[in-house]
Amino acid sequence: MGSAVVSRLLVAGYAVRVWNRSRQPVEAIVARGAVGVASAAEAADADVLCCMLADDAAIRSAILDAGVLEHAKPGLVFANHATVSVAFARELADRCAERGIDYVAAPVLGRPEAAAQGKLHIFAAGKPDAIARVRPVLEAMSQRVWPLGEDPQPANAAKLASNFMIASTIEQLGEAIALVEKYGVSASELVELLTGTSFGSPIVVNYGRRVAEQSFSPAGFTMTLGAKDLRLVLAAGEEKAVAMPFASVLRDRFLEGIARGDSDLDWSAIAKR
Amino acid sequence: MGSAVVSRLLVAGYAVRVWNRSRQPVEAIVARGAVGVASAAEAADADVLCCMLADDAAIRSAILDAGVLEHAKPGLVFANHATVSVAFARELADRCAERGIDYVAAPVLGRPEAAAQGKLHIFAAGKPDAIARVRPVLEAMSQRVWPLGEDPQPANAAKLASNFMIASTIEQLGEAIALVEKYGVSASELVELLTGTSFGSPIVVNYGRRVAEQSFSPAGFTMTLGAKDLRLVLAAGEEKAVAMPFASVLRDRFLEGIARGDSDLDWSAIAKR
Amino acid sequence: MGSAVVSRLLVAGYAVRVWNRSRQPVEAIVARGAVGVASAAEAADADVLCCMLADDAAIRSAILDAGVLEHAKPGLVFANHATVSVAFARELADRCAERGIDYVAAPVLGRPEAAAQGKLHIFAAGKPDAIARVRPVLEAMSQRVWPLGEDPQPANAAKLASNFMIASTIEQLGEAIALVEKYGVSASELVELLTGTSFGSPIVVNYGRRVAEQSFSPAGFTMTLGAKDLRLVLAAGEEKAVAMPFASVLRDRFLEGIARGDSDLDWSAIAKR
Amino acid sequence: MGSAVVSRLLVAGYAVRVWNRSRQPVEAIVARGAVGVASAAEAADADVLCCMLADDAAIRSAILDAGVLEHAKPGLVFANHATVSVAFARELADRCAERGIDYVAAPVLGRPEAAAQGKLHIFAAGKPDAIARVRPVLEAMSQRVWPLGEDPQPANAAKLASNFMIASTIEQLGEAIALVEKYGVSASELVELLTGTSFGSPIVVNYGRRVAEQSFSPAGFTMTLGAKDLRLVLAAGEEKAVAMPFASVLRDRFLEGIARGDSDLDWSAIAKR
């Protein structure tokens, strides 16, 4: 995902410093014009820090504990593209504020293929001035930037809701296909019927095909990450006393998949037969 | 729904005899050129009998118990547009076969508004010859006819799967909206984000708006009918040992709605706050 | 189950005529003093007809369709020990009433081992006079008869509730054991803790042992019967708009078990690991 | 709960120093012979520190952040009676070990009434030597101490499993009662049937009565605490990829109760009608 986004930034003419925990993806992207640096702190010596990490723990370790904020260039905008917990988003924003860094919640919607084609959507929240400075960068890596106010919470919540919608669409498709196959309708026939009638969103088209073909590898987004996002969805709901029974079903689907050894498959493997 | 469909048939130039248990809708449609008849049996004195009733029990009472099949014109094609149980579909087809009537399972996808605009989809299953005879009629009332073979079961299963997809989309939207609203994103904002990014199917657009506006009346399809369809979905799954946890959640949502007195609201009221 | 109950009746000195669809169990019980007869109708030529069949369909076929009620001895009390649907219980009672037969709903609580030891419980509903006549028979086969009024519905509902309680206790135990085993507590240790502290009912003791030992054969009550009873529970709930989310989870557990080929195992196999 | 336990210790002849965040319960117990102290650190100047706090956060604040471990008397045994998360239990044990304090996981099973009568059960895990030193104290406050090895995890997991068993028993009872009431069986009749037949554990007797009477106040254990414990159960399951669908249903019940304003009712209010 990071590689795809950096490619878009390079194409748009930006000078990009790249840091990643594992070296391999960095080398490929350096070959295309990025500058590899030895630490996240060096990457933060910039106007904008785009952070595309897996979860709260990864950001805590690679950014907060590594002292990146302390070494940031004055006036830095920290654009956080990860789907993080509501609680951690608050902590990050506070820590940035203490250092005079502008925090922009900038979760992205889309898979790596979409990122490579500039087809991501980005939900952006932060101070208007910070949004204005980071917007050209976000636009270079997406098809559309959706401003969601100053507070990072709404952007995070909308991102969690989107991922919940995707996961529950996968489950829908899985249940519907499992049913009709027993009555002589093939998975691909049902997906064609659905997308040809009233259900034809990009999500249904994309995941309908994957589930129909039982094609879960390579993963665009792993089961492990899916389980993490559902945990965040449920935690966000719990904080506000919102019961989400579909989200609970999904959580169990992810756990069952992980228990049978499918952690690294695409998260559509919750519909594995 | 019946009125909308008959209107389309009249516009297409068909001579239509109309019977309905309550008189009022019949009078309106007679004013537009249909012929009102006093019994379902008289309506069946035709080349094609289009039957748009609520459920198994209604068809049993109005058709089977009323002796309609016994009075049908020889060579009649019986097009059943209702979503019926898998077991009852089998019984109906058998009863028709005994009388030399061609049974065509022809469940429709779409709400009354769609029907009035000729925007229904129809899944059609039956003998090729019967399908051929009824096809112009089905085309006059829909935007597309999807042939699904000879056996009525696949058409019924596909219809149940479609209704399951709609109901679970409503629930998805309900849970997602309930979540984000607590974090400062309005329902209409979320629906705009979803439909503007990757979720923009007609179903999401239509029901997203209804759920966002909490607009459940007048009903296009009632809670009572939704509960019935979920019962059929679960029964079809049970017959083949297919567990459907989302369908179970939906079933409970319908029961909760009915228990609080919302039987006659639109079935999107499972997402009532 | 039938054999165990008949043995108790023989021990108590009753003259018992026995009919069963398969011959084998009849022969064993005839060797102990019962009289084997060739049809259910002959068995009904008695003061009391005790009917211990699997479900609605079995009773419809073996009793109603076989004309047993038409051949019953005048003044017969028909004691129905099966767990039947609420709707079918009503039909049976009506059919009996038409023939002057007293219908007594007499569902039993307990497994075959319990029956053999006279440890069943029986919920009995019917006219006081009919209950009085059948009571000695019921007492001979149980440890206690619980009178539940005249209407058969409450007895049926109480029986369904009991079976729901058992099935959900099995699921509880299954989930609790699956959890603690991952943290170094063995299944039998947990069951000992539970029964030694505050959870020590006969149901928890019995099923705790079965689940801990994963001992699901021979079946005291099969997965197929369990699935049937959960269907009745959910249907009874649906008729009155009572949502029962635990019952829905259980239903899916039974379907999953049946799908993996466990139909003939004991119903505690919903907790199979 | 704390008061009840201290009373038992006083009766058994122990000298007890008491600290609590709010003063009122302390005064009552001081009147009966305990010594009130001004800080948790003073309470820890003892041979055994019994800690009965609500959750991870309360212990972090009142013990860890308040420096209690730093001021503990050398050789202190720290008996933690709270139901804490698996992760926090590990952290606590490690922090104690650093200071030469023996950590004993000692979660208690039972409500305040049971505590007052010395009817608690205690699951105890820790070094044999520490268990030996703390055992007389634990026995003075309980009817039985269940040793569960050295590692605190099994004791915590067993406690979480017990609380899950209680909560799911409440839900069972709630669903069963909701069902039978619609068919003319009263809640108290059903509870009598259940406890008189095969379901008669103390948990079913106690909570059956509460649910039948809809008596949720005063709380022995609040909805808020129940929601916390279900969160811990689900998190413990998630850490080991154990799906627990009943636990998910329970979680939603607690959230629904909290959303309708019942946070301070007894946790059996998940079965509120």
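Lettered A, B, C and D in written order, each chain numbered from 1.
Heads up, the rule we're going with is that a residue touches a chain if its C-beta (ideal position, glycine included) is under 8 Å from a C-beta of that chain, and two chains touch if they have at least 3 such contacts.
Source: prediction; values computed, not measured.
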Separation of the C-alpha centres, subunit A versus subunit C, in whole Å, is 52
For the pair subunit A and subunit D, the C-alpha centroid-to-centroid distance in angstrom is 39
Chain-centre distance (mean CA atoms) for subunit A and subunit B, in whole Å, is 38
Touching at least 2 other chains, the residues of subunit B are 237, 242, 244-245, 249, 252
Contact graph of the chains (line, ring, star, complete, other): ring
Those chain pairs meeting the touch criterion are A-B, A-D, B-C, C-D
In the complex, subunit B touches subunit A at residues 86, 109-110, 121, 123, 144, 146, 148-149, 151, 153-154, 156-158, 160-162, 164-166, 168-169, 171-172, 175-180, 182-185, 189-190, 193-194, 196-204, 233, 236-237, 240, 242, 244-247, 249, 252
Seen from subunit C, its contact residues with subunit B in the complex are 227, 231, 234, 237-238, 241-245, 248-249, 251-253, 255-256, 258-259
